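So that you can tell them apart, the chains are marked A, B, C, D, E and F in the order they are listed, and the count of residues begins at 1 in each.
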Amino acid sequence: MAFFEMAKTAIRTVVSRPATLMYPARPGKKTGLSRGHVVIDPSRCISCGMCMKKCPSEAICVEKDERIWRIDRLRCVVCNSCIEVCPVKCLRMDLQYSPALLSHSGLETFLITYVKPERPKKSETGENADA
Amino acid sequence: MSRKIVIPFGPQHPVLPEPIHLDLVLEDETVVDVIPSIGYIHRGLETLVAKREFTEYVYIAERTCGICSFIHGLTYCQGVEQIMDLEVPPRAHYLRTIWSEYSRLHSHLLWLGLFADAMGFENLFMNSWRLREFVLDILEETTGGRVIQGSCKIGGVRKDISNEKLASMAADLKGFEAELSDLSDVFLHDDSVKSRLVDVGKLTRTDAYDLGAMGPVARGSGVGIDLRKTGYAAYRDLRFEPVTETAGDSYARCAVRVRELFGSIDLIRQAIEKIPEGDIEVKVKGNPDGEYFSRSEQPRGELVHYLKANGSKHLVRSRIRTPTLTNIPPLVKMLQGCELADVPVIVLSIDPCIGCTER
Amino acid sequence: MIELAFLILFPAIIALLLLLVRSGQIRNAVVKIAAVLIGAGTLILLITYFSSGMVLFSVPFEPTAKLMFIAELLIAGFLLYLGIKHRKYIAVGLVIVQALLLIGIESGLAGDIHPLYTLFIDQFSLIMAAIVGIIGTLICVYALAYMETYHAHHPEIQDRQNIFFFMVFVFLAAMFGLIFSNNLLWVFFFWEITTLASFILIGYSKSAEATSNAFLALEMNLLGGIAFAGAIIYLLIADPSGELLGIEQLLASGQAIALVPAVLISFAGITKAALMPFSSWLVGAMVAPTPVSALLHSSTMVKAGVYIIVRFAPVLSGTPEGLIIGLVGGFTFLLGSAIAISQSNAKKVLAYSTIANLGLIVACAGVGTYKLVWAAILLIIFHAIAKSLLFLCVGTVEHRIGSRNIEDMSGLIVRMPKIAVMMLVGIAGMFLAPFGMLISKWVALEAFIDAQFGLIFVAILAFGGSITVFFWSKWMGKIIAVDPHVHRQEDTMRKEKWMVLYILTGLTVLVCLIFPLISSYLIEPFLLSVYGQTARLSQDNIIIMAMMLFLLLIMPFSMLIPGNGARKVAPYMGGRPASADMKFLGSMGITRDVTLTNYYMNDLFGERRLLMAGTALGFGLVLLSMVILAGMIL
Amino acid sequence: MTYLKRSPWIIHYDASSCNGCDIEVLACLTPMYDIERFGIVNTGNPKHADVFVVTGSINEQNKAVIKNIYDQIPNPKVVVAVGICATSGGVFRECYNVCGGIDKIIPVDVYVPGCAARPESIIDGIVKSLGILEEKRLKMKNPDTGQSSTVGRK
Amino acid sequence: MKIEEQTTIVIGVEHLIGRVEQFRKGGYRLVQLNCSKIGEQFEINYCFEREYRFENIRIVIDFETEVPSISGMYWGAFVYENEMHDLYGVAVKGMNIDFQGNFIRTSVQYPFRNPSFQGEGPCQEK
Amino acid sequence: MISPVYGLVYILLAPVAGGIVAGIDRKITARMQGRVGPPLLQPFYDVGKLFEKENLIVTRSQNLYALSYLVFMLVSGALFYAGGDLLLVIFAFTLSHIFLVLGAYASSSPYSFIGAERELIQIIAYEPMIILSAVGMYMVTKSFFVSDIAATTIPIILYLPGIFIGFLMVLTIKLRKSPFDLSTSHHAHQEIVKGVTTEFTGPNLGKIEIAHWYETVFLFGFIFLFFAFSVPIALAAIVIAYLIEILIDNTFTRVKWQFTLRSAWIVAGMLGLVNLAVLYYLSGGIQS
């Protein structure tokens, strides 16, 4: 009869510290590679549309004429694909995951501020990605 | 008594993490008849090959299933590589193997937890999942994703693991193994667990083979098929033997998985030891033309991705045959005549992954 | 004296009258009037004698004895004829043996006996008389309406209602005679009449099954009859003057003499009360129309069996034979309850529950301490009322829904709320605190602890008692389940049926409330006179139980409190879109009904296995007692 | 004093997801994340639940199931759509058998993005939903302040 | 570097049962069945394996051609055959467990015959 | 003999004590699982919340049964603490459970129906042992009245060790702890969803929960009786017994009903009856 096989673990865990990360009180676990959400540096984007073409969930929309780079946070599968294909590396993966939303409003729009020959430093007009 | 209890079991049910439905016909609590039905998760993602380029489809293939996501990605990539005759660098092969085995650890620990939950053993569930977080941490540290890794691409892998990281991973396995053996003692030796598993859901060796059982279900019945033996990825360079048990009951299937956990740890160690330096991907040129049945060993058994291409950017057909699908006929056989309390145990003993079965 | 004679003779006269009456209307009137008169007579009897202790009467013995002898021979002849006609040779053999014994008694032994007292009455007889006189007649009235519907539903059965009511009233007369007789010869006579009456009533429908079951009952009861006759012979040999044939005198004569006849008569009681080795006849008797079952199970027949054993309880008390008889009862209780779990036929459940409860009564009587006899008498009372109520409810429901299967009673509370509530009261009366049967079981439990070898019975009661909870509760569950498949049905029923059911329901509750009175005015004086000691429940407990009963009665009114906007939804079906009628779209695209069936646990409580065990055990114990008895006689 | 915020019981239904979010929802219960700290219990029975956590997108088969479960949850209740499949259909959006996000069928109160949504996100989402739960309770108590029906997709 | 040799033999529908019977006798296990729509025809693959030797037989049929069920030989084949029927509308004759088109319930009948896509597409044409 | 004051105290304080015990239980259980666990007062929050919720019903009569369950649980507990007749207490206790079962039946829902059947199986599994416990106490103290048993100076536990072990087993059933949480479970998921409580929502579930607290405290009282000769020892025994129950809860799988029934009966039969028989023999056979 081998009952109480679990007792060893159970009693050991009672006396030792719980494994809980205490998440909201302490910041969540992140690693250097964690995929949080995609951010763009609109000042470097050349509106090539590669990210849009390669996005498996069609979450990114680049409108060259209106100079808009738009992403739907409620569509993005944070696969890293756009970042890998971006020829100018203006996209980057932020470690912070996108926050929960109270309405179906995941759309974030960025005005692309890249000007072809030189790189003037203009301020962003779109909302900051980090909400 | 000619009258029977007829009740629906699922699709929403606390012991079923995923929706499947069973029509249960009971007499007292003995199951007289059971007819499964699926289709609650059917998305039809195979049709998406017509929409997505074959290189993009990796992301879809990975999202067939969140538990063995990496292996789906691997199998798909491997299929395309075979069609295109791409020579994947050896380091990529090794990395794929390491991640596959971590996926297996993650999947089996997850399963052990759910299995314990199905038996009504909450503590064991919690402890299995506590241990599983260790594996998820490593997966996240190396690939960036906890459950959807997204690190496989056609022609290789997308991320490399530094040699220091590999060394520390190998070192960490020791403590993990110790905790795991405490856990496996409970699954394999505790009498109350045994009383729920031994002789529950019997599947004989011949039945297992004839009905097309795969993975731990087959190996629990003594059919030693393990697709890793075909030597895909880096498995041809590593030593291992398929784990088999002969009893064919839920306990045997549990034991197979518990022993495979240790097998996976061993494979990871070997792979880390032998991993060569070098590139991690080759460039993909052109479009695939041809067909291939790409097969691999998922934690649940044999996974087949049938890919057919005609030289365009879009594949003609992708067909994903998951191990759970082949394990459904044995499940139907096993459920006959069991007790109501055994239904969740038996259903879970094939480790159903409905998400990938229905695609 | 006149009341006694009235109660014995009046039903007999009515019986003869009913035999001749063929018109339904006249029969109706006669039965109703007779019922009222018998009921009134019973009440008058109660009022007259309830405080007077034991009263003995002498009746001219000689002529009646002759008449009885002739009647018995006629009965024997009749049974012989039927036995040969139906080729039931075991029965034939038994009838012959019994007839020979009778002739032996009459010609050889009983020549010069002239006992002083032939009739008597004491509180125990009064209780029994009340049961027979009130519950028995209520069943008769109910039977009037029932038999009409019965024949309407079963056109293949020949309408012999005159014989039916003749037999029923003969039955009542015999029961009165049995409980009022002091002379064992008389008791035996009435005993045999109940055997005959039950035989004919069970076989009423004349179907093959009914006939064979009737003969089964006959054979087993004849076996008991033979034992009874044996007891009389033994007594006559022991004391040719016939002095000891008086129950009163026999009880007073002490264990040394009385034990052998007491055991033999108890054996007869065991057969009549359908305890374990002989339980099959009572189950077989289910083929008879429901009022017959009610009659056999609650107020007559089986009660005669336990009546006689309880009578002899003082003799059995403390003897190994008594213990064995008690054990027969105890095991019957345990196994009978267990078998009831595996039954879905409502009448069979009731039958096994009757067998079990009779077993308990016999267990009490066999061990026979004063507390236990107190418990036994309480059991008799409560059981008679609740069981008759249940049988009549089942009969009514059967006629309305066409099934006596408990599974078919699902949602009865919706379909026929009134009947359902009555049925619930009856069932609660059988096993729930603070209702009657439970009180008796509780008292028995307390009493057994103090008795010799009482531990065995305590164990039996602890296990058996909990088993009864199972089958009664699941039955209750079926009734109260609000089954969406069923709809309210019209409550169109003859008034007298309703009246009978209302009275019985009222009685079930009333007796629980007034049982302390019954105890102190009837049972306790009886015990005092027999044992010199008496048992009673402590005042506190009575008050608490009354409070509980009160609480139970007002609980339903909580439904009237306006709910906090309770919203109705379909039951949980695994997320399946559940329609109001509990259908779900199953696998393979087939729409299926949810069906819910109670558990029967056949592998644990299967009828065949347990019955076999019970029969073997019962036979073993009976044989053992016979061996001991033989040892004593020799 | 409200107890509702301190004891939200959840029911989780896997609509048609890849399992990734499901196992992350389950992971929230387990020692590392332990949402029972907030009194959250995974009941598995809609009739005991306050928070309906749905993962995966709606497909033709489970429309009715989700609606049914939603109806069987007693008021006040909130719906948390976990993962991008549940919020918009995600990568499977165009598949013939997928109808889109959960808000096509039932009103969703909190959208948790992520593929698969991380346990931290899920905890955030559920905690966010508690505020809405409380609002709904107040509305239910004082119905004159407004209908207790939930805000759906615009 | 090929992982394994995979042979594919195309046969006529009429030879199907005979060939499958041979595999069955040879101790092969059924790996899978699958259907693909190639042009206006269905291509059905029957894959078998024994000791890691993978063999595939293929039949090419018209939409209306009835296919005999192999569930008599391989009991577990019913899952694939039902799936084929539900997704492609392949008429399979004589399945041991016939779900009558309810194995995988789909919104449209035989969706894989003419894959359709719905929902919000990309924000602009690629 | 019966003092209503104690009964009243029970009615007032038992839910508080029961709730706190439930909180401690959840906390310790969580720690055994390596978690932090809910706050100590979580059970009160839960019940408070349940009363804030809407009352969903399948049939109106469910309200009646839930209320009756609570009321009769209260009656039996109060009767116990007031010092009433132990057997009557047990019968009232059974009655209250019958109401729970009937409530589950009333909805005619598949899962609560199966839960009800299992609850009945549990009742027949534990009832003999509880009755035998009462009988054992009577044999030692010669009284069925709790007031007498509690006042005794005889160390009952020394006479009734077997009964006590059997009672602990029954306690596991009664507290709905693994391995015997067949009919409904607070913890791990179950094949019958929530069993008997499946169809009870909001306030009704709250009533059942409160009744469960009352029940816990009542059962503690029962343990107390075994150690009634010394209050500190008795309190320690209650604490230890409960800790053992928590440990058992965390180290066993849920078993099937057959095992529950058989093992409970075998334990009642072996330990309980043998113990009583020995007692009977030692006391030279109690004569009437």
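One rule holds for everything that comes next: contacts are C-beta pairs under 8 Å (C-beta built on N, C-alpha and C of every residue); 3 or more make two chains touch, one makes a residue touch a chain.
Since this is a predicted model, take the numbers as computed values, not measurements.
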Chain B to chain E, fewest steps along touching chains: 1
Between the pairs C-F and A-F, the one where more C-beta pairs touch: C-F
Remotest chain, chain F as reference, centres from CA atoms: E
Chain with minimal offset from the mean of all protein Cα atoms: F
Longest centre-to-centre distance from chain C, chain (CA-based): A
Centre-of-Cα separation between chain F and chain D, whole angstrom: 35
Euclidean distance of C-alpha centroids - chain B vs chain C, Å: 65
Separation of chain A from chain C, taking each centre as the mean of its C-alpha atoms, in whole Å: 80
Distance between chain centroids, defined by C-alpha means - chain A, chain B (Å): 28
Contacts with 2+ other chains: residues of chain E: 99, 102, 105-106, 111, 115, 117, 121
Two or more partner chains touched - positions in chain D: 13, 30-32, 34, 37, 42-47, 59, 61, 65, 69, 72, 74, 90-91, 93-98, 115, 118
Multi-chain contact residues (two or more partners), chain B: 5, 7-9, 11-15, 19, 29, 37, 39, 42, 44, 47, 51, 59-60, 63, 121, 123-127, 130, 133, 145, 148, 190, 192-193, 358
Chain A partner contacts - residues on chain D that touch it in the complex: 31-34, 37, 80, 84, 87-88, 90-91, 93, 101, 103, 108-115, 117-121, 123-125, 127-128, 132, 151, 153-154
Chain C - residues contacting chain E, complex: 587-589
Chain B-touching residues of chain F, taken from the complex the two chains share: 29, 32-35, 110-111, 113-114, 178-179, 181, 185, 187-193, 250-257, 259
Partner chain D, residues of chain F touching it in the complex: 26, 30, 33-39, 42, 44-49, 51-56, 189, 193-194, 197-202, 205
Complex contacts: residues of chain D adjacent to chain B: 11, 13-24, 26-27, 30-32, 42-46, 56-57, 59, 61-62, 65, 69, 90-92, 94-98, 115-116, 118
